[in-house]
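The following pair of complexes shares a single chain, chain A, combined with chain B in the former and chain C in the latter.
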Partner chain A sequence: MKRSNEPIFWSLFGAGGMLAALIGPALVFITGIAVPFGLFFKPDTMSYAHMLAFSQSWAGKIFVLAVIALFLWHAAHRIHILLHDFGVHAVTAVRVLCYGGAFAGTVIAAYTLLMIKA
Partner chain B sequence: MADTEKIIEIQVLRYRPEQDKEPVLQSYKVPFTDDMSVLQGLQYIKDYLDETVSFRWSCRMAICGSCGMMIDGKPKLSCKTFLREYYPQGLRVEALAHMPIERDLIVSVEDFVTKLESIKPYIIPKEPRTLEQGEYLQTPQQRDMYEQFSSCINCMLCYAACPQYGLNPKFTGPGVLALLHRYNADSRDGGQAERLGLGYADEGFWGCTAVGYCSEVCPKGVDPANAINQNKMNSAINYFTRFVTPGGADK
Partner chain C sequence: MSNRRPYVRSMDGWWKRDPYFIRYMAREVTAVFVAAYAVLLLVGLVRLGQGEAAFNGWLQYLKTPWMLVFHLIVLAVFCYHTWSWFNIMPKTMPIMFVGGKRVQPGAITGTGLAASVIACLAVLFIVRGMS
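Up next, the complex of A and B:
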């Protein structure tokens, strides 16, 4: 039988899921609650200057890209199989929309990050 | 029995190909006692009310795997399910979902059996041994690797539970994939390569979307969802490393 190419999507899905589980809630807490409400962090933690400095370093770029891209691939796969389970069988259209969206998001994020010069 | 007797309504999905265009429900009033299974209720119907009702059964003790049916919409063994759980509202029994009905509660097992045969559900010895060399030894730890998966009785409840099998009957399905894992995980077996080609296909492990209902309905505590998930991991590792591991690419 023909080998499936699903491992590519499944690995990205798995990596995204792992990353989301590990740091997703913490990120929501820090960026969405703690910093805006002035808890634990200095009020200017997420100022433009700080965020720019963060994404000027290679480690920062990789981190931002991993969070954006892997979360997107995770969501794309989840939505794809969910629609399938619910009986939406426009297979190609669903695949193109889900994975195409994640791919576009990855490329845009990577390009934008690369354009940020030190 | 007479004065403590309760009556329960059992609706049975009938399909007699020579007279019914499509399956129809037929209702029977069955006297029962608390120790009676749904299968016994059906046997009462056949013996005293309507001898034309057809269903499969053999062991009456959840080991032969032949009495599976949908009971109030859930896949169950009728010999392991009691009528008292459905009293007083009554119950509906139908042929297992996702499989073609042959007659009444009897479905065709052909697809399942073909798939089962395709994974070589027997030990293919790693090394040939003569009688004098004695048995193949195995440690308790090695046995634990596959034991739960060896409890499968081929009842097909997990197939009736699996939405992926319902959507695409080409999917190998939970029970057979769990058995594939059962043999591949056996330290005495050397047939992994022969079975994994099938497992690594879209119709194999990758046809599963991790719904998990198969493991919930299994009457023998087999966890097909777990077997499939473990193998997705192996399959993904093999996918990416096949060109750097000796012999990896021909799997």
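Up next, the complex of A and C:
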């Protein structure tokens, strides 16, 4: 029997969903609302110097990659099923588009992080 | 070939037929916003790699009113994601037993939501303390 590749995609979906459920609201509040509009945090929290220093550390690189990549894989899996629910039955095309998009995003994020040297 | 044209019920708008399907759809559609937020962060990361001027441009863009509206919607959707994620968790995870008794669905959902509140507060205070 051919082995299914479903567990890989489902694990990435689950990990992304869990990460988003645990810290997603806090991240959106920080990066999208509080810091840009000067609430609760110091105004330079997301300054170039701070963000550069953060993504120069290995802990920072792993965190940024985990958030971007896992969110993308989580969303790709759900959108892939969602398109099926709305009657788009081009299974291969939908899979290539969704998982391919998540893969491309992961590669771009990983490459950018690796190029940011200390 | 016969000329029969049997009635086939349309599947259009199937998810509006039942509150259960509507909740399912609401939960799944959150993914579109999760993807949008991830792409925005990815753009920010790429801009960071391009240097200070590029990154500052991205930061300025975040301050536009449309991005505030976008993030307020995304925040609401993420809160719904958190709630729905732990709401369905009793069904998505393997059945768990503690002391020979099955862990009740409400306990799983409650523990998950409590963990989220703690994790979010931890992130907020770590970031506040960092800079």
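As a working rule, the second predicted complex is superposed on the first by the 115 of 118 C-alpha atoms of A that agree within 3 Å, B and C clash if a C-alpha of one lies under 4 Å from a C-alpha of the other, contacts with A are read in each partner's own complex, and residues count from 1 in each chain.
Everything below uses one rule, namely that a contact is a pair of C-beta atoms (placed from the backbone, for glycine too) under 8 Å apart; a residue touches a chain by one contact, two chains touch by 3 or more.
Quantities reported herein were computed from a predicted structural model and do not represent experimental measurements.
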Touching partner for A:Arg3 - first (chain B), second (chain C), both, neither: first
Which superposed partner A:His84 touches (first chain B, second chain C, both, neither): first
Which partner, chain B or chain C, touches more chain A residues: C
Which superposed partner A:Gly60 touches (first chain B, second chain C, both, neither): neither
Touching both chain B and chain C, residues of chain A: 14, 81, 85, 87
Interface residues, chain A side, partner chain C - complex: 14, 16-18, 20-33, 35-37, 40-42, 44-48, 50-52, 55, 64, 67-68, 71-72, 74-79, 81-82, 85, 87, 105, 108-109, 112-113, 115-116
Footprint of chain B on chain A - complex, ascending: 1-4, 6-8, 10-11, 14, 81, 84-85, 87, 89
Chain C residues within the chain A interface of the complex: 11, 15, 25, 28-32, 34-35, 37-39, 41-42, 44-46, 48-49, 52, 55-56, 59, 62-63, 67-68, 70-72, 74-75, 78-79, 81-82, 85-86, 92, 112, 115-116, 119-121, 123-124, 127-128, 130-131
Contact footprint of chain A on chain B as seen in their complex: 163-164, 167, 197-198, 200-204, 206, 209-211, 232, 235-236, 239-240
